[in-house]
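Both complexes shown next keep chain A, but they swap its partner, so chain B is in the first and chain C is in the second.
Entry: the complex of A and B
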């Protein structure tokens, strides 16, 4: 049961360690950054997380990550159109940021490679915990991405779309964004590509006082790619973040959401849709810290599981001792549509303050037969009726976003998936 | 933030005095030397006059145990336990296998009297001397009317007395200590012991398998509805002893049994270890109802002393349409690590778990359940109410899983936590795993404090604050209290009151 043996390194672990040796001379960074990289690779050397590590209980990365592709610097990633027409696009193609971009008022953009070279990003490369394997992997290998500063009071009228497009091999990208006090922005994070890649992507967001941001993660990797992503945010006083995560692809996907309310009056909303098909594994893990009094959060995750797909949602809400008057609600609803599919969920509450209202709910079920009957009684065939119900189940979450252009764009992505997966 | 200082003051007032079972009794004890080794296990086995297969079973468990590490995943913190610094066997000297109450050390009977367990009275009422069959029948008729309970009393390592045995035997029910069962009914013990919690199950279960000293054995044969409530009372008295009891309950086809368990221990500065294993087996159409009121010494106001309670309880709904129901009221112990579970193996079987866990002072509770759906059309229901006060940590940890073949598995889980004071913590860690598309799982959890509105409403009707809070807390746990047998429901309600005294009123 609890017997320990020093395990032999897996092929993937060995490949990662070897790749680090080979890449080292090409990785940008000053002394401080290189020290962080060394620490990170040491963490990987001690082994990828297994199910014995609580936060990886349902995603045994050591077992699931069976192979690691080589870097392929010659590969060309195809640019794609933004989901909302007219967005300002900042692409990272095959792990390399673009040197040119169209200027947007109030927005300062820098290539992350520059920030790595001058070392100014070094403090942001720390892991958030000993089980932060994605953070470690990214810190070890990250070569590029963007550093974006949105000035105080800036009101962006068009979405800013950050595209991370892989072309096979490995890509390790970091997107760091600071949003100034009172600023307002819609940011789209696209994760896609065409190869059997290993992607690690870390997004860091700092929200200033009273800032309001809607952040959409749209992940549509091919079913050959391994996608390990992390979204980290600190929410300042009276700031508001609406995070929308849509997973509609990838072979092995883990999306971590690590959010901390650091200012009173902060408000966090998470809406997630996981569309799972084929023989894939998708894990969304959230850790939310209510660290100060008077903050609120709501999370709604909807999952559709088909084929032989395995889905995971872990959500932990920590309410710190001084975080009185916290209001936190979490719901995770799953439609399990096939007998070979699996869904595991672990909604956790860790509460150290007494004057709070916290709750979570989770359900796993199949399509409601009375709903199906209602539609079929009106002459709709079973397949169409099922399709309608499943779509309604997830679309409900999208419709909550009250920006018409975004709702339309996301519904289009949803249709895309339904067309591809019947 | 209302009444924080007030609450802290109240919590401070909680004193050792409130644990009214904290007395200890001077009884001559027969003890094995301190420490654990194969020799000690041989000693225990010899003391119990066990057959050799039992000794082998124990030794095998021990050999596995030495290779294991303590589990660390629970949210409980305590200094490392020195397993060599414990007595693994302690028995009251003057009772070499009591056959009737008259053989039992009167000191011991006094202990149980103090605990409010009326062994003697009940024995007299039951009229053990009566041998006439008609009179016996009359006696068993009375059972339903008087609500009498058969008691197996376990003092440290041994079962000192079991009441109503004859009457139960009349119905075909075997109710005795496990040591006696090993001697008298080896075929039953051999068949079922370890079949639900294998010796290799976990660190504490393996330790228990190696050194268990006593516990209860219940066998309800086919078609029998056990004529009375069965009950075991555990008392840990001796210093530095660990109590390792083992309970095995078997309900054959169509049988029904309701079993109650209660525990207390004296107040001591050092921590005492309690690592029990309970196995329930329900065959086709059988039903087992298992209720626990756990009130081991929780330690003093500074968190010194108290029982470490590491318990493995598991029920196996082996037969079709079988049902196992766990009800627990956890108010004692410095540390509680306990997950009464149901394996729903038979088709149409169902499992229930009702729990109230009250923690105060520096108590740490990590408790919950597992519902493993294996058969078709299985259902389970979990209602857990956690109340944390003082500096305590109260965790619900539960797992619900439906395997591939568990079509139409149903689960409903509700766990609510109530926080009293801002120095305590309440945590909910549910695991839900669905591998079947027809499974239907629902889980809901809430954490809150007593709302000002509720309190105002009650107080506005002229009820003082302390009583108002007690009323609201009782309302909060009502769902679970209702599941307890009458006698225990009253005791449980009182216990909750005592546990929270000073913090809620």
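Entry: the complex of A and C
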């Protein structure tokens, strides 16, 4: 009798394991990379995370991932216009990077497939914990992406837009970026496509001393796609990262944000908007480690929930014992516009230092009736007035970005969502 | 233009009756002042005219140009030409003031079958109206009423009134929170809107505003009823002798 029977594999688990066997010969990597892939697929063989795993409690991946599409070599995705005109675009189409790109001063670009083949990316493929299912899925299958180096002191005057575009099937992409000391850049991570795809995408960012980066994740997958993404960053001394995450699509979405302040004076800002519609599930899970003294972070997440959509925000802030003078504030506000929608928020502060300022708050509201009355009293019909107020609720977070071109670009994406779902 | 007949109204939440058999007629071209002590129902009356859902009319009717407005929502009343200048204008973060003005003007135009304003024409109108009220255009770049001082909010209300060109203007305590210079500017703004086809209802606690916006008629509201009507001399009488005398006569 088998006392340790593993539960029967789900269709999705079986499909992933079979796909790995079929893809193995096509996957780039030296010995070290292939060992990481083996470890990763072993993790998947032991089962996708369920609600019994704390960090997956609200997103039972094993239950929610009902099917996994085959790889589709015939799929054709096309690059799209960047959100900010004049940006340098680096496209990944159906999981394949481009061999040529327009040179930008101070920026060195390599295809990730080359870094996998020569094994130099191998140390970056480690998962960050035992429940890192997205990391494992990506490490097992990742075939391409970009490795980008922004030189010390480089000042990028135009955004760099990384487009990960799918046209169905499976794509597993990794974007690794090192930003040198004192460098300054706006990076747009565009996640979109047209197919019933399974996408895993991992972004890794290393910020050197005094570097300043604004990173915008604009996720607009179709409501047929599963999008499993991870953003990992290390913030060096006196560096500043503003991460903006916009989820405006996808059937099953999990965006993990894993940030560690490793240098004193580092400053992290997270702003997120989740626009949820239809019968979809969207999860933003952040793990932030304040690992050194004198670092600051603020997180504001705004959610609009319509239809039967379900949303999750988990924000975990770990303040390490020697990370004195940490200043951390987190807020999650939800506008619930439907009786059938839901949003779950779980803030977690784990503080081992004794001289810190940390706080969190969460609200769930409906539209403010006195605001609605005021707008209607000026002749704006109810539907338009509601639209203005809902947009205002999330636009507030966008306007904080304080860069006209970026604010306009993001508001255009916002309008796009409201036209489709308003 | 406005005929209020035996109006009874209560707060939806707790059923408290605020308006108790109110009668009032305001003709086109007329400036009518409604005065009364605190708690007499002045602000409630203004909200009911604008169609706020927190109040429920239980008896009587409100006719605007001969038509009952009770079944109309606030937006329909506004596009029909009724404008309420709020005593406490709402601060709405995230809604840009200019965007709001444009949407409001164009929604009203749309409801009247007019084309939306072209951007240069819209900007020209806003600039002119703002200049006449001594308002800084940078203020209008902020979110709607957010961070405005009390006086700035009141000016912004009059700015909206000028831009929307309503037929029935209801001003709820527009003088509160204004210093004397601002009061003159606001009153001038209102006076320029006086016209034979427009009626203005000025709700105020004090006679001060009426020195600058001189009313044709004055009505005293007490416990949800108009207990006395007269011309502008009634306001002076109230200022000199207080409400007690008038209330005493009515009782």
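Rule of thumb we're sticking to: the second predicted complex is superposed on the first by the 416 of 422 C-alpha atoms of A that agree within 3 Å, B and C clash if a C-alpha of one lies under 4 Å from a C-alpha of the other, contacts with A are read in each partner's own complex, and residues count from 1 in each chain.
By our rule, a contact is a pair of C-beta atoms (placed from the backbone, for glycine too) under 8 Å apart; a residue touches a chain by one contact, two chains touch by 3 or more.
Predicted, not measured: the structure shown is a model, and the values here were computed from it.
With the two structures aligned on chain A, chain B fits next to chain C without clashing. When the two complexes are overlaid on their common chain A, residue A:352 makes contact with chain B while staying clear of chain C. Angle at chain A between chain B and chain C, computed from CA centres in the superposed arrangement: 80 degrees, to the nearest 10. In the superposition on chain A, contact is made by A:384 with chain C only, not with chain B.
When the shared chain is aligned, chain C comes close enough to touch A:373, but chain B does not. Using the contact criterion defined above for the overlaid structures, shared-chain residue A:393 touches chain C, although it does not reach chain B.
Between chain B and chain C, the partner in contact with more residues of chain A is B. In the superposition on chain A, A:361 contacts chain B only, with no contact to chain C.
Superposed on chain A, the gap between chain B and chain C at their nearest CA atoms measures out to 14 angstrom in whole units. Note: no residue of chain A belongs to the chain B contact set and to the chain C contact set alike, using the contact criterion stated above. Partner chain A is touched in their complex by these residues of chain B: 1-2, 67-71, 73, 200-203, 404, 417, 419-449.
The residues of chain A lying in touch with chain B in their complex are 1-4, 54, 57, 321, 324, 334, 336-339, 341-366.
Per the touch definition, chain A reaches chain C in the complex via residues 369-371, 373-382, 384-385, 388-389, 391-396, 399.
Listing the residues of chain C that touch chain A in their complex gives 50-53, 73-75, 77-79, 83-84, 86, 89-90, 92-95, 99-100, 103-104, 107-108, 111, 143, 160, 164.
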